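Just so it is clear, A, B, C, D and E label the chains in written order, and each chain counts residues from 1 on its own.
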Amino acid sequence: MTQDLSPLFLSLKVASVSTFFVFIISIALARFMSRRNFFGKSFLDALILLPLVLPPTVIGFGLIVLFGLNGPLGSWLEQWFGVRIVFTWVGAAIASFVVSLPLMYQSVTAAFNKIDSRWENVARTMGVSEWRIFRTITFPLAWPGILAGLILSFARGIGEFGATLMVAGYIPGQTETIPLAIYFAYEAGQMEKAAFWVIIISALGLAIISWVNYWRKKTEIRIGRE
Amino acid sequence: MLHVDFRKQLEHFELVVDFQLDNEILALVGSSGSGKTTLLNCIAGIVHPDAGSISLNGRNFFQEGNKPLKIQRRKVGYLFQDYALFPHLSVEQNILYSRPPKSDMAHITAVTKVLGITDLLPKYPHQISGGEKQRVALTRALAAKPDLLLLDEPFSALDDDTRERCQEELLRIHEIWNIPIIFVTHRQADAQKLADRVIRVEKGQMTEQLISEASL
Amino acid sequence: DRKDELFISAASSLTDAMQAAETEFGKAHPDIELVINYGSSGKLSNQIEQGAPVDLFLSASAKDMDRLVEGELIDGTTVVPFASNHLVLASTAAVDEVPDFSAVLQGFEGKIAIGEPESVPLGMYTREALTELDLWESIEERVIYAKDARQVVSYLESGNVEAGIIYSSDQGLAQGLQTMVELPDTGEAIIYPAGISSTAENQEAAEAFLAFLTGEEGQEVLEQFGFRAAEGVPEK
Amino acid sequence: MTQDLSPLFLSLKVASVSTFFVFIISIALARFMSRRNFFGKSFLDALILLPLVLPPTVIGFGLIVLFGLNGPLGSWLEQWFGVRIVFTWVGAAIASFVVSLPLMYQSVTAAFNKIDSRWENVARTMGVSEWRIFRTITFPLAWPGILAGLILSFARGIGEFGATLMVAGYIPGQTETIPLAIYFAYEAGQMEKAAFWVIIISALGLAIISWVNYWRKKTEIRIGRE
Amino acid sequence: MLHVDFRKQLEHFELVVDFQLDNEILALVGSSGSGKTTLLNCIAGIVHPDAGSISLNGRNFFQEGNKPLKIQRRKVGYLFQDYALFPHLSVEQNILYSRPPKSDMAHITAVTKVLGITDLLPKYPHQISGGEKQRVALTRALAAKPDLLLLDEPFSALDDDTRERCQEELLRIHEIWNIPIIFVTHRQADAQKLADRVIRVEKGQMTEQLISEASL
């Protein structure tokens, strides 16, 4: 059986792009939220968590209303950037982003909350800018939590199904990620094809975990104790 | 010239401080829990007084009613009592942390050698001994060429020889930089050897003492 | 106590109709309590294959029912069609009255949403019908595959496709549809078969409900929700 | 509109039971994995992560094969304990368990990995048993990470949809959790009912987040620095 | 009776120790980085020697070739150089951590009072001063009524008065419990006041010294 491998590459692309933005934005958010107190903070917190409790189809519906051709964001993006979200891989990336964000955000917030401000203060006495302190002290010390969040986000991004199907549609060869391939093969009773993709995606998970573990061990000394 | 004149309420007493310091070395003595570390923290900007003012060479660090000057802009070298080395950075990275990449390191290399920590540069803080940590922290506090040095018990974990060397080095640096230095100590010998003046803090109340009187 | 409970698995397109039917049926048979599980026909047949406790299966596709009969999970002798359905072309855009279906379909320029043909019965029927009408090739490029009728409707509602093909019984899902054009009859009917499990613990109740559904009252309820009588079911 | 509130209570029951077991098992697993090295450890790690990357329907299919009346585990449970999984809330709890486990496991592992063994050693010199050290030192110090994992798991448990639908089925009043209620209301075009449940579930999220934040602040001092 | 006879390779030298200690007080001196803390860690069981043996009152702590005795079963009271107070427990909980709930606390209450930390009991480690931490850690090491006391620079952060009181208390406790005590110090006065014997460690090599000779 020769298989078209495009779903693998598409899934990797979608998950990578989504994880990249999840990473940037959840760190910015967590940092912002951990330093400020404002009215509605809990509400924003809950809002970020919402995609975790809603059925993916409903999230997809929300996204398609927002990012659709007639939607407020969709029409704006189309007009100004010529970017179309619906029925493209960008839509799949946005769906992955939304469902992965809460995973990363919670992990990062927990990691930041645990860091002793003493080290940040030492760095301040040395005249180092807040931004450099963040990059060189806060971030590396929070790294184990951030890494856990990254693993979760990437895996969730790879695995996103319901919302992706809604936003990106199922266009074989164009928006067919691995979970979509599995689902439609399975639903059509093509158990061999479904099993093939389940094996591929499991091998991918195994590869990622092994690589992360290897790499974590290699750099372990850097997060040693004081 | 350092002006310090503030009060700060602690749990069991109020810390009241009022002194001025030229480019001298001041020894801060007093029993455990009397407020010495808190005083240094106020000067460094890590905690803030309730009232009063702190200024260095005309720059206002703290002025009642105004926003305190950011820690970053105080240019203070501070050796913390518990060292607070960055656990994820090597000794070398710890020491050079405040230095811009290609800056002049000559004075740091010299200090490193005199303090006997050259061998430790590639190690991480959890791999070195207590006294070694203290010397690394001292070097780190000196590395940024600060306008004011605050040293919280800088020699407590050192043996006689090593302490001797560190003190000589500190005197040499003071000679060159000519900045105010405040250090906390529990040893009379340290105060006698290094200090131009001695201030005693007891339950938050300070008194200036003659060096020879100081029973620490 | 399972004695009075009748376990039914029903295709989700029947949800509204079955809720109405349950009320009607309850009037005549207060002693039988219906426990209805909804899902796509494929999912329901999977559940039954894995030994889910089901007495009566109301399927939206003959294919799934046949598979269960082959596996001797459904008693083949009890299988009976109880409703039929039709395909309609739906759009939020208004279309002038045009007599020819293919002209209407060709009139839309944007994307067209249909069910995925390999896995969704709706899609399979759609592809068959369009192939029969010689329209399949002309629109294949513009097609978006959906996993069920509801997704087609969502695409329509959000304005991301211009047209979509759904069941006539699913018209109730949609709000704001301007156009509803039935596909021309191509011979192949969309039949909903019912069958009783070969291990049914409540054979009598299952038979009673099936009789009700294929009887006059049941058919009336189904008709209210956009279904039609199936061949072999007495016309009203 | 008077609403039957049973989906709310069912969701809470399912998520609580599933989170409870996720908590116990992922902590036991993380502790076991962080202290031992064995062949196939990375593989087990990847296996735990797998439910994150597979489409929920496929997970549901796997579960129903395992726990169905004809499945190896299902027939065993029925025979020995008279517990039926398929079409019951227990099935929903199992589905939630499987999808939540990776979230908790990653969070807990990251939290344990960051703890300085020095404190454990101090406790050992005092003759305290390993188990008591774990309860009184390791666990409290890892608490922020564990809490983040708990939030994620509970939310994911509340929100589980695809696998639940497969294993527990959609039987209104019996296995109808909030996500199922939302999905079927949405599928049936009953947008009002769907909106009602989206609001309820959002309010639930808000309540949980607020409560956790409040409680974290109250106990913050206990996880202060040295 | 404590028997210590082992060797352990460190990065820059080998630590070679061989001594026996009755129920006496031993002062351990030597320059920074010479291996003092490592020696205590080996006795406590936190690191293991490469070869040799360690035993206390006939119980084998470490015996080349055998599995080392678990830390828990050594019954050692250990004041760590960096205190290692539990950050999430109050001072009181830290001190009582090793005690079973309803055990006899009389001796702890007494120590707490003499060391002047009674007021601190409800506070958390990050809320107390350096010298206060040191006294809390000392009290904690005493609380379990160990068979052997290891104190790594127990008085370094204390002023004269407080140190005096702590030392008196330690002598009193030694009188009562009659166990071997090893403490690390950099002060000649400490050694003279407390110790029955002095051992110097330099670059891993130990030599026993007369107390009066000890230049620390």
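Keep this in mind: a contact is a pair of C-beta atoms (placed from the backbone, for glycine too) under 8 Å apart; a residue touches a chain by one contact, two chains touch by 3 or more.
This is a predicted model, so every value here is computed, not measured.
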> If you take the chains that touch chain A and keep only those that also touch chain E, what is left?
Replying inline: B, D
> Which two chains have the most contacts between them?
Replying inline: A-D
> How many angstrom between the C-alpha centroids of chain B and chain A?
Replying inline: 45
> Whole-Å distance, chain A centre to chain C centre, using C-alpha means?
Replying inline: 37
> Where the centres are mean C-alpha positions, what is the separation of chain B from chain C, in Å?
Replying inline: 81
> With chain centres defined as C-alpha means, what is the inter-centre distance between chain A and chain D in Å?
Replying inline: 20
>> Can you pull out the residues of chain D that are in contact with at least two other chains?
In response: 57, 61, 118, 186, 223, 225-226
> Going by the touch rule set out above, which residues of chain B reach two or more other chains?
Replying inline: none
> Going by the touch rule set out above, which residues of chain C reach two or more other chains?
Replying inline: none
>> So which chains actually touch one another? I want all the pairs, not just one.
In response: A-B, A-C, A-D, B-E, C-D, D-E
> Where on chain A does chain D make contact in their complex?
Replying inline: 42-43, 45-47, 49-50, 52-58, 61, 102-103, 106-107, 109-111, 113-114, 116, 118, 144-145, 147-148, 151-152, 155-156, 158-159, 161-162, 178-180, 182-183, 186-187, 194, 198, 201-202, 204-206, 208-210, 213, 223, 225
> Where on chain D is chain E touching in the complex?
Replying inline: 118-119, 121-130, 136-137, 140-141, 221-226
> Given the complex with chain C, which residues does chain A contribute to the contact?
Replying inline: 57, 61, 64-65, 68-71, 86-87, 165-166, 169-172, 183-184, 186-190
> Which chain C residues qualify as touching chain A in the complex?
Replying inline: 40, 42, 111, 116, 118-120, 144-147, 151, 154-155, 158-160
> What residues of chain C sit close enough to touch chain D in their complex?
Replying inline: 7, 9, 12, 15-16, 35-39, 43, 46-47, 50-53, 148, 150, 153, 172-175
